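Next up, some structures in structure tokens.
Shared chain: subunit A. Partners: subunit B in the first complex, subunit C in the second.
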Partner chain A sequence: MRAEPKLDTMQTVEVAEGVDIYLRPAGPIPRGFAYAIDLLLRWVIVVVVMLIGSLGISFLGIETGEFGIGMFLLLLFVIEWGYYVICEKVWGRTPGKRAMGLSVVRTSGVPLSWPAAILRNLLRSVDGLPWLSIGPQSLFPLALVGLGTALFTKKFQRMGDLLADTVVIYSGKTVEAALPVLNAAQNQITPLPPAVALSREEQQAILLFLERAGLWSEGRKTELADHLKPLTGTSGHAGVIQLLRMALWLRDSAP
Partner chain B sequence: MKKSTFEEISHERWDELEILLKQLEKNQAGSEAARLPGLFRQSCHDLSLAQHRMYGRKLCDRLNQLVVRCYHQLHRRAGRSGQRVIQLVSQTFPQAIREEWRLFALAFVLFFGPFCAMIAAAYYAPHWIFSLLGPAELTMLDQMHGAGAQPTAPFKKEYGEMGIHFMMFAYYVQHNIGIGLTMFGMGMLFTVGAVYALITQGLILGAMFGYIHYTGHADNIWRFAIGHSSFELLGLIVCGVAGMRLGLGVLFPGRNPRGRAIMLAGRRALPILLGGAGMLFLAAMVEGFWSSQRDLSDDVRYAFGVLMWVVWALYFLLVGRGMERSRIDDP
Partner chain C sequence: MIHEVTARLRPRTGWESQDLGLAMVRNLLPRLMAQWLCVMLPLWAVLAAVLWRYPGWLLFAVWWLKPVYDRIPLHTLGRKLFGQETSLRELLRAAPALLLRGNLYFLTIGRLAPHRAIAMPVKFLEGGTLSAYRRRVRTLLLQGDSTITWVTLGWFGISVLCAVGLNMMLHSVIIDTSENDSRNWLLELFTSRRSTPWTPAFLRYAAFLYMVSVTLTEMFYVGAGFGMYLNSRSHLEGWDIEVTFRGLATRLQQQFKVGLMVGALLVWGLSISNAPAALELDPETTEERLTEIMAQPEFEIHSEEYTVYDDVTTSKPDTSDSSWNWHWPDGLGWVTDVLAVLLVVAFIALIVWLIYRYGHHFVGTRETSKPTVPESARTVMGLEVSPEALPADIPSSAWAFWQQGNIHAAMRLLYAGSLNWMMHRGGLPIRESDTEGDCLRHATQLPDAGQTSYFQFLTRTWMSHTYGATNPATGEMELLVQQWPFKK
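Moving on to the complex of A and B:
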């Protein structure tokens, strides 16, 4: 693990083969949305089964009676305690996490084992505290405990994550990769070699500027490019263009 | 080397790996799976090169994804869960309980203290019982265990006995295991949650028994409950022990950083919790399918119940003794 202060939330893991892979831990907001989606889905499953059990079957003239109630109670148990454990062990993510492009792994990057999946999800009762009562038998988590713990740990781990040594990461396409990369031909920007020799870090910073430029407003791009006035020789919009040209040269034409 | 040249000479290998990974992830790979370690090492090398030569986020991301997916496949655990369950039952669980005998004794007292106190209250201070149980609970208790009543009395008989037994079993699974698992999680709060749950469960169950004692039909509830009592009460206590173990990890990390101490406590607590949940599951089966039978004689009921207490005591004391200490292994 690197010690120097960091600009982003990337966590590197060195695997036995000697290469660093990086994990991108997900913060509370996408995870909150994933939770809401899962909660909705679990409700829908319960309600649909209940409707089928009480209406559909009696239309067909089948009486399930106590057996039906028993099966429904078992379903409630599985949905309440098994949903997350099974989904996260088998697929590494719940449908809600899938929708948000998240998945769960051990902090070493390997998929969850059964013990880890069980431990992390049994602690939902604590991480969800304080629970808000929103109707008969229905609780909604304000999740201040989980949120608090997540904000004080480097990898946004809630109590259950700490216990099971797991972390929720972005696993789908990353934001940057999904953005259209600036194309030299489209923007009529020609590559330009920088006037002075740049160090590796400086080159990397300029390349990152190119990759992320699509994310920022014009004002933000100008503000960042203005820091490099000594290099580009101009400021404002012209500076941005100069910088992008150098980035293109570094990306495509550098020896 | 320019980025485009690098991509040109390597992309076939990456594509091959991508296809192989897709097959592996669907468990469809055949003999070509033997190529994985080699391709993995090569991709690790490619990733290092791409990072060092700053070939850009997009290429690095793709290679990183490939490496992570290979890593997942290589470190996937071979399935042998049946064997692990047998080991848990025959070794890990009873050994873990013996190791935590102090916590077990404490949980035992925390539960049975209030339980016995509430039964005693039936004779000396019945108002304690009525302060805990409302009219709804009292009516239900009268129906199930009152004069001449049957535990299955509240249910209609028209669907047959088996249906009723199954429903009771399902209810006890949903209700009792839920209590046990919540107790475990809440123990994380510095053990407070587990201790509180043990005491309240002792109070409420004690009050229910106490009320039946108070009405003078004590035999009615005992003959029903004795069969599954060992499973259920010990199961709850064991879940409480697991919860307290978690909380102790938070409270007293010892020489470890707190994060690591919590992790270690989790590993110690998990076999205990799984055992406790298993006991509660068995309790639900016994309660649903045995205790609620109508035609068993009292002698058989009491004999079975007492025998089960002895069996559990012997299980905790003797099983797995002298064998190597087994733990739940975790990569």
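Moving on to the complex of A and C:
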């Protein structure tokens, strides 16, 4: 009945036979905010280093001249190009990405290699197109190229990601892990095997019902359980209890 | 059909859910874009003509009217989620209502709400009164309210950056290549290089750029909000669970119906020879039957649009599609209630009459017959257990299935056969609604302890086969066949 597979942003990667990991690629909006945070941070770093440097120089009373300007340009270069490459290679994420709960991995799920980290960040010059000049010698990326590529690839990859074979993923917890679980022992519910064979997906749904039942009002629980009248054989509160018993059975006693 | 949703619903973080919305839009982009252009180009042409002399207001209007534009992708996305395609023609027919009705709230009080992209699906896909709507939005926003603010800011930023970028491209491609300004029609129309910003020409040019930029970005923003709306419902109402539950219920009911139909045929003695076929009723066949039955015209999904529009300030839901019928329009509430009660009463009366008139044909097939007759159950847990449905020599038929590699049929036959014996020879009161656990409990009353322990072993094997997808080992199967204790 379902010809086309259901749409999902989650990507499955088979790392070994029968072992799957799930990558959750991140779209352009959280990444844009991560970029903004990193940009601010780099400006702050530049300003702080310059202040310290010039203070130190004036304190020592050294005449720097062209050497000072050279050092300044070198500093800019290192921060502009080194910041991303080093952060992403060493920690898998920049401070901005950390703040947004993101990190960078290869599409196979493994950490970045040096060439990949360098390549994906070199291509920021392309992804940042068109560049808007604000003030003298200062550019701001409108990043329409990167945005467009990310929107139209399945894993939200910009040009740099495509060429370096990398992907930006959500590295925070999935939601399920954070939800409270209904305390079955407190409610004195005994497990009950379901009356019919259930597919994996259906078993999963019944287990999720158990996991999340604590979040819903009594009315909503009843409403959901009433859909399964053919399975539980009852409705109303009794149906909810029956369903929770089956869920407990599936969780603890299923073969 | 709620269980036919076309996107994977699961609880996500706020950011992930807006990404799902983007993926939905990407999948539909050519159609969404065509629909958008067909509706928006004439609308903007009219707007530009009316406000040509007031270019500042034109720019403002293009921005302020965004909630109206959003109705178009939202309409198509909402229908697509439930597997309904919206053709260009259908959309154009719906467009006047989409553009003109029910938008007052979002064009006034709700225009600057940061959660507009979540609130719009609530209002236009669920309907309801204004206070009910406010309550719903508050509930839904418990999940991901700060994220939607950032998403709104983010997409507004992108639309502005996009307009600036377009401006740069136009300047580099068209304007700067022209040596003589007077020859450049675009420049003539929109701007003049020597003029300061905020001249009428510049504002017209900016409005035009913003139109292009909104065309490129707005539907992604709508999609992001729609994805977050779905996510909120998954979180707070277990929508993803509901979808699966409904699918499961439909499957079970269908199995039950097919079982009844086959049982009735057997009683009528029309198809004794078809009995093995009835036994072969595996899930694939059932699925096929289901597809066949659902394809019949009776099951076609009809949708109609109802428009209840009595007051502009409390604008009521204007569309009530069959796929979104959680809420009926308020004014018609009592009428539908009365109709529903009448229908139920009529239906019950019909059933009672049918049982009274034809009940004797079905003795033994349903629970309405006297429950004291244990032979009544013909299906238990969806298994055909009547003597007519089973071969004479169960263990050897099961062994034959096993050797053909049809493990499921072999296990099914053994289990159904033992149930049949226990009901008809052992005289145990097994009913249609009994579970494996119930049957096990009944089996303890068997006179022969060997039979009880055999049945316990069989049940374990059967359940790990059906629920755990673990096939019995050859040794276990041999044991089951050789030790078969349910002889005549």
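Going forward, the second predicted complex is superposed on the first by the 151 of 255 C-alpha atoms of A that agree within 3 Å, B and C clash if a C-alpha of one lies under 4 Å from a C-alpha of the other, contacts with A are read in each partner's own complex, and residues count from 1 in each chain.
To be clear about the criterion, a contact is a pair of C-beta atoms (placed from the backbone, for glycine too) under 8 Å apart; a residue touches a chain by one contact, two chains touch by 3 or more.
These numbers were taken from a predicted model, which means no experiment stands behind them.
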Touching partner for A:Ala195 - first (subunit B), second (subunit C), both, neither: second
Partner chain in contact with A:Leu248 - subunit B first, subunit C second, else both or neither: neither
First, second, both or neither for A:Leu224, with subunit B first and subunit C second: second
Which of subunit B and subunit C A:Leu123 touches, first, second, both or neither: first
Which of subunit B and subunit C A:Leu208 touches, first, second, both or neither: both
First, second, both or neither for A:Leu112, with subunit B first and subunit C second: neither
First (subunit B), second (subunit C), both or neither touched by A:Trp81: first
First (subunit B), second (subunit C), both or neither touched by A:Phe67: first
Interface residues of subunit A shared between complexes with subunit B and subunit C: 174, 176, 203-204, 208, 254-255
Residues on subunit B engaged by subunit A in the complex (per definition of touch): 2-4, 40-41, 44-45, 47-48, 51, 54, 56-58, 61, 64, 67-68, 71-72, 75-77, 81, 155-156, 158-159, 162-164, 166-171, 173-174, 177-178, 181-182, 184-186, 188-189, 193, 246, 259, 262-263, 265-267, 270, 273-274, 328, 330-331
Residues on subunit A engaged by subunit C in the complex (per definition of touch): 1-2, 4, 6-10, 24-30, 32-33, 100-101, 130, 132, 142-144, 147, 151-152, 154, 156, 170, 172, 174-176, 179, 192-198, 201-205, 208-209, 212, 215-216, 220, 224, 227-231, 233, 254-255
Subunit A - residues contacting subunit B, complex: 15, 17-22, 63, 65-67, 69-74, 76-77, 80-81, 105-106, 108-111, 113-116, 118-119, 122-126, 153, 159, 162-165, 174, 176-177, 181, 200, 203-204, 207-208, 211, 250-252, 254-255
For the subunit C and subunit A complex, residues of the former touching the latter: 4-8, 11-13, 15-16, 18-20, 22-24, 26-27, 150-151, 154-155, 157-158, 161-162, 164-165, 168-169, 220, 224, 235-238, 240-242, 244-249, 252-253, 255-256, 287, 290-291, 294, 381-382, 433-437, 460, 463-464, 466-468, 470
